[in-house]
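Notes follow once the structure below has been shown.
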Amino acid sequence: MSVEMNYSDYLQLKKILGAQSLETEKLSRPAHDEMLFIIIHQTYELWFKQLLYEVESAIAIMKLPSLNDNSPELQTVVHRLSRCTTILKILVHQIDVMETMTPMDFLDFRDLLRPASGFQSWQFKELEARLGLKYSQRHGQEYYISKLRPDQVDIVRKAEQDQSLLELVNLWLERMPFFEESAQWKNFELSGAGLNPSPNSDAHPFWVEYLHRYGNSLASEEKNNLESFRVLISFAEGAGSKEDLGFQRQLSAKACRAAIFIMLYRGYPILQLPFQLLTQLLEIDEQLSTWRYRHMSMVHRMIGSRIGTGGSSGKDYLKGALDKHYIFRELALLTSFLIERRKLPALSREMERRLGFAV
Amino acid sequence: MSVEMNYSDYLQLKKILGAQSLETEKLSRPAHDEMLFIIIHQTYELWFKQLLYEVESAIAIMKLPSLNDNSPELQTVVHRLSRCTTILKILVHQIDVMETMTPMDFLDFRDLLRPASGFQSWQFKELEARLGLKYSQRHGQEYYISKLRPDQVDIVRKAEQDQSLLELVNLWLERMPFFEESAQWKNFELSGAGLNPSPNSDAHPFWVEYLHRYGNSLASEEKNNLESFRVLISFAEGAGSKEDLGFQRQLSAKACRAAIFIMLYRGYPILQLPFQLLTQLLEIDEQLSTWRYRHMSMVHRMIGSRIGTGGSSGKDYLKGALDKHYIFRELALLTSFLIERRKLPALSREMERRLGFAV
Amino acid sequence: MSVEMNYSDYLQLKKILGAQSLETEKLSRPAHDEMLFIIIHQTYELWFKQLLYEVESAIAIMKLPSLNDNSPELQTVVHRLSRCTTILKILVHQIDVMETMTPMDFLDFRDLLRPASGFQSWQFKELEARLGLKYSQRHGQEYYISKLRPDQVDIVRKAEQDQSLLELVNLWLERMPFFEESAQWKNFELSGAGLNPSPNSDAHPFWVEYLHRYGNSLASEEKNNLESFRVLISFAEGAGSKEDLGFQRQLSAKACRAAIFIMLYRGYPILQLPFQLLTQLLEIDEQLSTWRYRHMSMVHRMIGSRIGTGGSSGKDYLKGALDKHYIFRELALLTSFLIERRKLPALSREMERRLGFAV
Amino acid sequence: MSVEMNYSDYLQLKKILGAQSLETEKLSRPAHDEMLFIIIHQTYELWFKQLLYEVESAIAIMKLPSLNDNSPELQTVVHRLSRCTTILKILVHQIDVMETMTPMDFLDFRDLLRPASGFQSWQFKELEARLGLKYSQRHGQEYYISKLRPDQVDIVRKAEQDQSLLELVNLWLERMPFFEESAQWKNFELSGAGLNPSPNSDAHPFWVEYLHRYGNSLASEEKNNLESFRVLISFAEGAGSKEDLGFQRQLSAKACRAAIFIMLYRGYPILQLPFQLLTQLLEIDEQLSTWRYRHMSMVHRMIGSRIGTGGSSGKDYLKGALDKHYIFRELALLTSFLIERRKLPALSREMERRLGFAV
């Protein structure tokens, strides 16, 4: 910054503070709350830009051919995703501000906004796509294409086609080497001679053992969880298809195995950051869904059963998105397949060394 | 408090701080997080007690044969309901604390809790009932009776049978005298000679006029709102039944008219507190539903698709309750029937005086 | 909005999202967190604009020759100030986001910012001035003049010279007519024949009585509160000067009397909104001071004892401002002079009618 | 839990919900808000119990003769301290609830509480002591002894005498082996032959180099920071006394060196959790101080300049505690001595390996 520069220039405040132009003023139909409406949406868009910036930087790191465990790379990813969660909490909190606008105050200028609508926030759609939401999973697909401008549609489409954070997390999980290092497993003990490794005859002994223990941990009403689990982490080629699972999977069986292993043994040093990463993804999903929920409630309070300015059926669209747009749903699902810490299979000493620091 | 008394006795801290007895300790199966689990639930129950205390005091005031507008009564009701909202925000926030318990940490003691379950919080059910939730509207009705103890069932049943806050609000709205004071309306002007007061030939001129203006304010896709509105506030005997509306109504047509009048003309002094009261009811519903939503998400993260300690299907039960337990749903609905402030029918000078202070 | 307009144009997103130009990028010295630094400050400035907009609109209403009690004017003022409180809570919360930037991350670009500094936010200084902070009360007076640009200094100076919200509140309080309406007081009863109205022989009987009761309510260590109170609300000409009170007063004795009366009898209808107004002013001060406190703590964590980018001694400046910039300090002070509700002097029936609605 | 046990028994709700006995009821002088007053304080005490439980468990782990880097121990400490921060945020938030009690509402029962006072919360004092606050650093020392009961004084005294978390952190930092492992430093390069290792002739080459670089990073107004730094981390026996530093130090020079090293090179795997631990300590201090600040503001709003129920001068005592009770002040101070990441001395390859995972 040159010597003469100051706060105002650095932040480009002339642009920022000069970007509020009230429709109601142009029409000499003053409506006090239009200023709030504009400014709060502008702050939302600024935060969306920041969220995209953080997520894209996390993606760039995850795209490296292999993360160097001995570099700060993974730590940086965790830190930035954690920042996203902190920002998303602000976005949720801001709904309190929006709700200081009563329905009558909004009616004062609502008709002037048509057909503009928050639905046209392409940044938010891009964010969803970068995180991992696919076009096929979207609620109201055609709808979004018809509402955005071509250049904005292109941005979202490009994001949908690029590798998403979720896809990169899947690849990173698949690269976890632990189960392939036979030296670490040669002293791993099965709890009973009778443990039959079929029906996955090529299954890894750890999973044979773990399935056995998981099955024992289930209450009688939960017994069918065992079969779901078996399918989800199946070693068999082509298993775990949409038909088997009831949904289009985004994490491969191999990735699921690695994720569960991380959750179970998160106490070992080399698994601590991976566990934090998985946790952050769930946090992001939770904040996003809280935001969607409160946004939906607010719209309901504001316009009731009337049509949104973008022509959507307001609350209904938002409810559809709320129910369908969980991005890291499969990670959350894995929680169903954990067992008590004291019932965990013990790892071999070789494996324990493998998961720790050089000494 | 006697001279020797102090903080510790006053707050009965010996009882309060001596009421945590860990099951895992009794069994010498230490699980660090059980303490958190107990204490957080105890704080929830303390807050439920406080919420009940506030709601019951509001109910007691609303039960007075007639609220004296010139007393602090209504102000007190608004203040106490507003406190409920503030407390509910703490309850929502506390979910952040619960979420510091990871699924694996919970598994360490989860099986010891069966069949106890948060579902057995009769105070929360009583609170819902006191606010206005009817047995017939509950998700999982038999379920709650089977899980609670007989004395707890009785408490909830009693609350369901007593006049709820919602019922008292309905009666209070019905007592609003404005439309019956013909002196105030003799100078009210209809906007057109052609305004046909039928199909409600005995309808009040204000509503004839308002329906006309409301109809004009609707976008073409919203036109059927007019008919819903007509039914909702119908003057005809027996109109607005469940069949007409698609739901079991809790606010009478007369009460709906008063509520809309308050929303529209909230600027007049005598309507300011009534408007604040209606707003507070919506705030309470919103915080309650946010709590339910975040609670459901947390349970999902904690136990996935496993069975809750109370035997419920966990997330599914909570989702059912989330969707069905909106208590002040009908008040929220009225938002659909407002029009722009500048299009409001002007009140007569007599009426303006009626709504104001003595001078 | 014309047919072709949309969300993006309406919000001028090209400007808003195009106003982030990283110094570290220009110098090819990438520092990831500079983007956050810019965007969070831009959101702060947007919110400052909104706060100014709300405060200015409240000022405009308070400037009316006399507020019409029978209009929504005061309600509007209360509502907008309450919105300011809600927004200020967001500003406090945003510090959580700033704190995701570690000291090392900030060091990566900190030297490029000199001499720009958050101290150069003229909008924040204008806000303080519009609320009521006088130049003479500012911490580091010359400092702010030397740091801002001439046009920005002018904006703040102008705000300091215009009537502030605090001054207008003072005038509004002074206009309260109650003590001058002798008809309302003719049946007011003094609690004892021996009540000597001197030393303020021309004092109003209400205050003679109230001072008597207040004195009785004090614990022995508080007895000197009585004299402070006497001075603060003194009827004597020229009393209550800076020397008597220990500070430069901003509310006149007459205004203080009205404010206390409002606090004591807030339950009467005509005093309900005035009480809400006084409460909102205290809320704003509290949020502002919380913001200053957390901001100070954050700067301390971020740069320790190093010099701020604007050359200020960082934490020290902020601590000075924190201690001195309470704007509605005198209102808060009045709390010291309340007594228990059940010990309040009873008002006459005429007065009760005066404070109520037309019936 | 036995088969018949349920939620209510498990949580001992009979005790918990039966521990509210209103003084105003006993005296038939109903004051609605006394219930809130009791319940909110009870929730505070429950949370204090939980905080103590977490801090004590962290202390127990830190007391182990040496933390095993390859165990989950440090991760557990970080997790539990992070939970403390989350809980402290609730305590701050709860002040919003307390503030729904107006000064007049509090006056209704305030005199009945004397001489009980929040000052008598021995759990809070114990918490401060367990974290590291020494008796000699307390504001109003004699005061607390005179107000608590002998058994409560004993609890706090015992906590003051035991090893505090801060002391254990100091020992843990001192045990960091890195600077003593000469093999790792033999290839460390000084940036100039002219670097004179005196005045600490026995100083480690890393610190000779770092002091040099730190000095270069200072703005001219900051130059005296260099000398403070030199004293703070001095290798000389007996240096860095209270006279040199201006405060009673709690972290030894050796511990300070380790802490700065962790902050600077936090990206290396073995330093990631240690960095998180230091960060959590600062977070706890920040939330504690925010709590003290908001508590002080609330008391000021509630009782103004009157005497607190415990006889303290209310706000003044709280302000004293606010200014003096920063527990991890010295850690926060270290921020002053960091330099830009790109100016950091490069570590040798041996050292990089030392700080990483086994491969």
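To keep things simple, chains are lettered A, B, C and D as they appear, and every chain counts its residues starting from 1.
Operating definition for what follows: a residue touches a chain if its C-beta (ideal position, glycine included) is under 8 Å from a C-beta of that chain, and two chains touch if they have at least 3 such contacts.
Quantities reported herein were computed from a predicted structural model and do not represent experimental measurements.
Shared contact partners of subunit B and subunit D, listed by label: A, C.
Set against the C-alpha centre of subunit C, every other chain centre is closer than that of A. Averaged Cα coordinates give subunit A a centre that lies 32 Å from the centre of subunit B. For subunit D, residues touching at least two other chains, in rising order: 266. Looking at the complex, you find that subunit A touches subunit B at residues 29, 102-104, 107-108, 111, 218-219, 221-222, 225, 228, 263-264, 266, 279, 282, 286, 289-290, 293-294, 297, 300-307, 311, 332-342.
Residue ranges on subunit D touching subunit B, taken from their complex, read 1, 3, 5-13, 15-21, 23, 32, 35-36, 38-43, 45-47, 49-50, 53, 57, 79-80, 82-83, 86-87, 89-90, 93-94, 96-97, 100, 112-123, 149, 152. The touching residues of subunit B, when paired with subunit C in their complex, are 69-72, 75-76, 266-270, 272-273, 352-359.
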